[in-house]
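Before I ask anything, let me first share the structure, which is written out below as structure tokens.
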Amino acid sequence: MARTQKQRSGNIDNTGFGANSNAEGGRLVNPDGSINLKKTGFAIWKRISIYHSLLRMKRSHFFLAIMVFYTGVNIIFAAIYFAIGVEHLSGIDQSRSTFDEVMSAFFFSSQTLTTVGYGHVAPTGMLTNIVASTESLLGILAFAVVTGLIYGRFSRPKAYILFSDNMLIAPYKGGKALMLRVATYKNNHLTEVEAQITIALHLNEGGKMVTRFYPATLEIARVNSLALNWTMVHNITEDSPLYQYSLTELTDARMEVMVYIKAFDDHFSNTVQQRTSYTHQQLIYGARYIPMFERSPDGDYTVLELNKISAYEPAELPDTIAVSAAEEAGR
Amino acid sequence: MARTQKQRSGNIDNTGFGANSNAEGGRLVNPDGSINLKKTGFAIWKRISIYHSLLRMKRSHFFLAIMVFYTGVNIIFAAIYFAIGVEHLSGIDQSRSTFDEVMSAFFFSSQTLTTVGYGHVAPTGMLTNIVASTESLLGILAFAVVTGLIYGRFSRPKAYILFSDNMLIAPYKGGKALMLRVATYKNNHLTEVEAQITIALHLNEGGKMVTRFYPATLEIARVNSLALNWTMVHNITEDSPLYQYSLTELTDARMEVMVYIKAFDDHFSNTVQQRTSYTHQQLIYGARYIPMFERSPDGDYTVLELNKISAYEPAELPDTIAVSAAEEAGR
Amino acid sequence: MARTQKQRSGNIDNTGFGANSNAEGGRLVNPDGSINLKKTGFAIWKRISIYHSLLRMKRSHFFLAIMVFYTGVNIIFAAIYFAIGVEHLSGIDQSRSTFDEVMSAFFFSSQTLTTVGYGHVAPTGMLTNIVASTESLLGILAFAVVTGLIYGRFSRPKAYILFSDNMLIAPYKGGKALMLRVATYKNNHLTEVEAQITIALHLNEGGKMVTRFYPATLEIARVNSLALNWTMVHNITEDSPLYQYSLTELTDARMEVMVYIKAFDDHFSNTVQQRTSYTHQQLIYGARYIPMFERSPDGDYTVLELNKISAYEPAELPDTIAVSAAEEAGR
Amino acid sequence: MARTQKQRSGNIDNTGFGANSNAEGGRLVNPDGSINLKKTGFAIWKRISIYHSLLRMKRSHFFLAIMVFYTGVNIIFAAIYFAIGVEHLSGIDQSRSTFDEVMSAFFFSSQTLTTVGYGHVAPTGMLTNIVASTESLLGILAFAVVTGLIYGRFSRPKAYILFSDNMLIAPYKGGKALMLRVATYKNNHLTEVEAQITIALHLNEGGKMVTRFYPATLEIARVNSLALNWTMVHNITEDSPLYQYSLTELTDARMEVMVYIKAFDDHFSNTVQQRTSYTHQQLIYGARYIPMFERSPDGDYTVLELNKISAYEPAELPDTIAVSAAEEAGR
């Protein structure tokens, strides 16, 4: 069949994924843009960048981790001070209970770690002094690490791109097109925005399941500025990898649409990128996006309604669909 | 009319703005380069990057914000210490008034938050110690945040480009040209400087108001180094979107000229960019810029007079204008 | 001989290395990607960037360096305080031994340097106060330096690419090819990955030893994403610098294969690069790589086995080898 | 004359410098790569980036500036504490002299600013407490600034390129060539190194002094890696702006050679650039560079002798010079 022939010729092999469908499991790319992959064979501390894990974790988790670390270190040092003997912490009321003594050691530790050092409790004796001296250095180093982490979290370039939850097959220029919609949701500004869409299809070729990748040509693949929203349009012409595929066929081929956006961000003065991936479950057949921006009531500016990013209305697709369905039925 | 035909064919649709004039309000780009846009539909904390807002606010506002934050946190902790009981702050003279007690708690809080910890007032008792221990951690974290913010403010790449307040229609090569002037106003040095000018016109096409965008070709669109000043020249030839437009027509079309400059900055060793936008109100018809640099008195260096960036003198435009006006009158 | 002629014509002279084999010693590039070079003629502090040395040293060495610095500075200041007289450190029990006094001065110093400042020991007298005031400033500066270093260590863009220990001459498309294998071993993601392979051969040209460099064309020289592993394939065709070379000849020519990879890393939102170099000792003749990824047991994701990066199995090379060997034998 | 004609046609006008020789004074670019320019018309704080000035000043000046700032702030606060009354600093021995009291206030200030806060002297009373509370916040902010500055100084990408002190007219391929030599002098590694050389000549054209700029084509304008040294060679062929110029003519035209190098640095994982400029005084006519690298004694590595960067030996130039001189004499 000529169709398949054409698609074959257009596939690309430089996506970084392999062609052997049986070696790859599930979707290729997760919705957050990460590869659906687990690395093994190396110890976890070699495989994981702790710094970047701390950079990417949720803010609440990050501060919880700091609290846990702070409490943990204080418990350890409290135990050491207690083991050496609280009598070496001048100013502690030793007539009190053991629990009170431990707590005093704990609070002394926290005052040392944060370098508050009130001094109403102070170290005496060689050993306690050495431990306190070490703890205050540790505190300073830990603080340096935390400063670096917090700055790293702040300054990590992010694209802040909002993707529509769905992709549409919409009527377009008398035919149909695959459409996605994106916008930036923060007060940042992306310029020189480039998009790249790759469609993955799992096909049976001569009895063997292979994964084929096709670049999807966009009507506009680069905008000077992501000022408002951007509806990416892949016109399904004869050259399209989706040409004359029915919804059933796309589902059978476990179609996955990988989207990669690269831009220059003026917040960070840096290149930013964001990836996502859509599966056939997110495909809406026969729909069009509802406009998401309008003139402000006073006419002085434009309003972009972010909550409408995925809003669509049904739209009749042209006859070519019917033909395709007919073709399909006729096979 | 052939003219309109030509202009139509030259318009571009990858500016990031839409073509529907009725959906967009006011100017497209603000003088500071930001999009004249408001985003809605998302909660403000999702729409705003607090970090970048703090990075971009005026220096005086930034330090005011820190002062307010510092005072606010101390008030909160003073209230907590007071609620627990100031008798748990050893060293406080409790024979004094409640106001004095509250103030003492406030100052103890500030000594804890900044980790000064003189110790003449010190926490006693479980609860007060826990609060103080937490506050000193908070102080360290807040300090880390402030360090990050201050460094971020310092190191945020900025182009430091000074734009002329006006754009001129000046005589050029027997015809006329649209001119703007830029210079860097700091002791920075931009290399590989690229400029891109886009002209937006709001036109009535078949009864519908549409926004059309035209790239304006520059005589020199890229300079190796922004050493002195740079007068950007768009020659108004037959290929220009402004060809044979009268001032009245440009005003009716609410002409907006968007300027985008990108360069490599040796201060930051980073790519920097700056945008601005001119409206038809800033257009001076029939003028030329006065040179803004000259040899120093001792002849050893060049002097660039930044205050002359917008300085112009009247200049007679060639006949083509008259012709255009005649044409216009004849319509 | 036509073969040599062809290779000569393909060599390049913009590698940054010279062509005079007698002026260069040993391999050109070390396995870690650094140049096998020593710079002389400048004092070491001009030749070495201390900051970058501290950034690149092993983590354990870095923290050891901090410990040594901390102890050293405290010893120096303890000596100063002792020289001035410990009677100027209020709170020190002077009835004790000289050793105890020195240790007290040491601990006071550490409390000043870290700005803990308990205050049970405090400076009195002009001189001691001046020294303590200087030390606390020094402490703050040192801390600033350490914060910068730690952040610099964290945020230094690294590619985290794992290279196979070997390079193979493997059967490929009826002929043979030079193959290397790479993968990322951390949870980072490289996009727009470009590889450049340069082959250096030390040849006798007219009695003079010259070093010739040849770019090795790759079947795929750029992948969109380093998602799984990437086997780089240089097909040994007529245009290859390795065409019809026998293993002996390559060994005689002290073949060195320099690999340079450049990519965009989404951890750092920065360009990263990594280099390495293989010598003829790492060349395996007649082998192919064993696949290193497979579907996970539950079929939901893909598993990449990093420990298999260099795993190969013997593979018979096609006749062209035999021919080449025959040719070689026949000479 | 055909020669001048040719040169005219090759000049470029996108250097960022103007063509009017009478408006520009002295050399165009300083040896350190900065533009020989003074900006006026704006207040100094608008013209100067304090951050970048602090980043670029010599290390010794930087630390001196910190010392001066630290002492200055302490003097101001000491004055304030003294004005309020040292009786509000508990722990100060008030029986002592006024000088001692001022010094005590000074040291208390320094303990507050650095947040050491021993506490043997502590603030009492509303006013003193407010000042101390403000000072400790100021200390923290100042420290944040210093941390940012120190990190900024460390991490500022620099190319660390060493230029030869001279440029040579050397024999080359039977003719002659303009040569410069560069090398990196730190343990950094530049890749994808690009050089751009522009020659400025001040010429009398029709009685008016104009500055003309000519790009100088290099035999190799881009090296993959600045591994050893790089001798940049501009072959003086018919297409060269220097063709058939005598040394006298070049001196009369106040020849200036501007060199711009751009590369990717693996220390900083960033693009770095460095500029310099040579004047005709630095031109050596009839010389060649002495090789500056050699094999190490044990043959295991290469030695690059940085102190030989400018080392040259006299070399006879081919006849074309004589011809040119003859031509010149014949005019």
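Letters are used for the chains, namely A, B, C and D, taken in the order the chains are written, and counting of residues starts over at 1 for each.
Definition applied: a contact is a pair of C-beta atoms (placed from the backbone, for glycine too) under 8 Å apart; a residue touches a chain by one contact, two chains touch by 3 or more.
Note that the structure is a prediction, hence the values are computed from the model and not measured.
Asker: Would you mind reporting the rotation angle for the C-alpha fit of chain A onto chain B, rounded to the nearest 5 degrees?
Answerer: When the C-alpha atoms are superposed, chain A turns by 90 degrees onto chain B.
Asker: Using residue numbers, check each pair in A-D, B-C or A-B against A-C and return the one sharing over half of the contact pairs.
Answerer: A-B
Asker: Which pair, C-D or B-C, has more C-beta contacts?
Answerer: C-D
Asker: Are the interface residues of chain B and chain D largely the same numbers on each copy, more than half shared, or largely different?
Answerer: different
Asker: Go ahead and note the Å separation of the Cα centroids belonging to chain C and chain D.
Answerer: Going by mean C-alpha positions, chain C sits 28 Å from chain D.
Asker: Express in whole angstrom the distance between the two chain centres, defined as the mean CA positions of chain B and chain C.
Answerer: Averaging C-alpha atoms per chain gives centres 40 Å apart.
Asker: I need the residues of chain A touching at least two other chains; which ones are they?
Answerer: 111, 115-119, 143, 147, 151, 270
Asker: Could you list, by residue number, the parts of chain B that touch chain C in their complex?
Answerer: 115, 117-119, 147
Asker: Please output the residues of chain B touching chain D within their complex, sorted ascending.
Answerer: For this pair, the touching residues of chain B are 63, 66-67, 70, 74, 103, 107, 110-111, 114-121, 143, 146-147, 150-151, 154-155, 160, 185-189, 191, 193, 220, 222-228, 230, 264, 266-267, 269-270, 291, 293-296, 298-308.
Asker: Applying the document's contact rule, which stretches of chain A touch chain C when the two form their complex?
Answerer: Against chain C, chain A makes touches at 13-18, 22-26, 28, 33-42, 46-49, 51-53, 90-91, 111-112, 115-119, 122-123, 126, 129, 132-133, 136-137, 139-141, 143-145, 147-149, 151-152, 156-157, 196, 198, 260, 268, 270-273.
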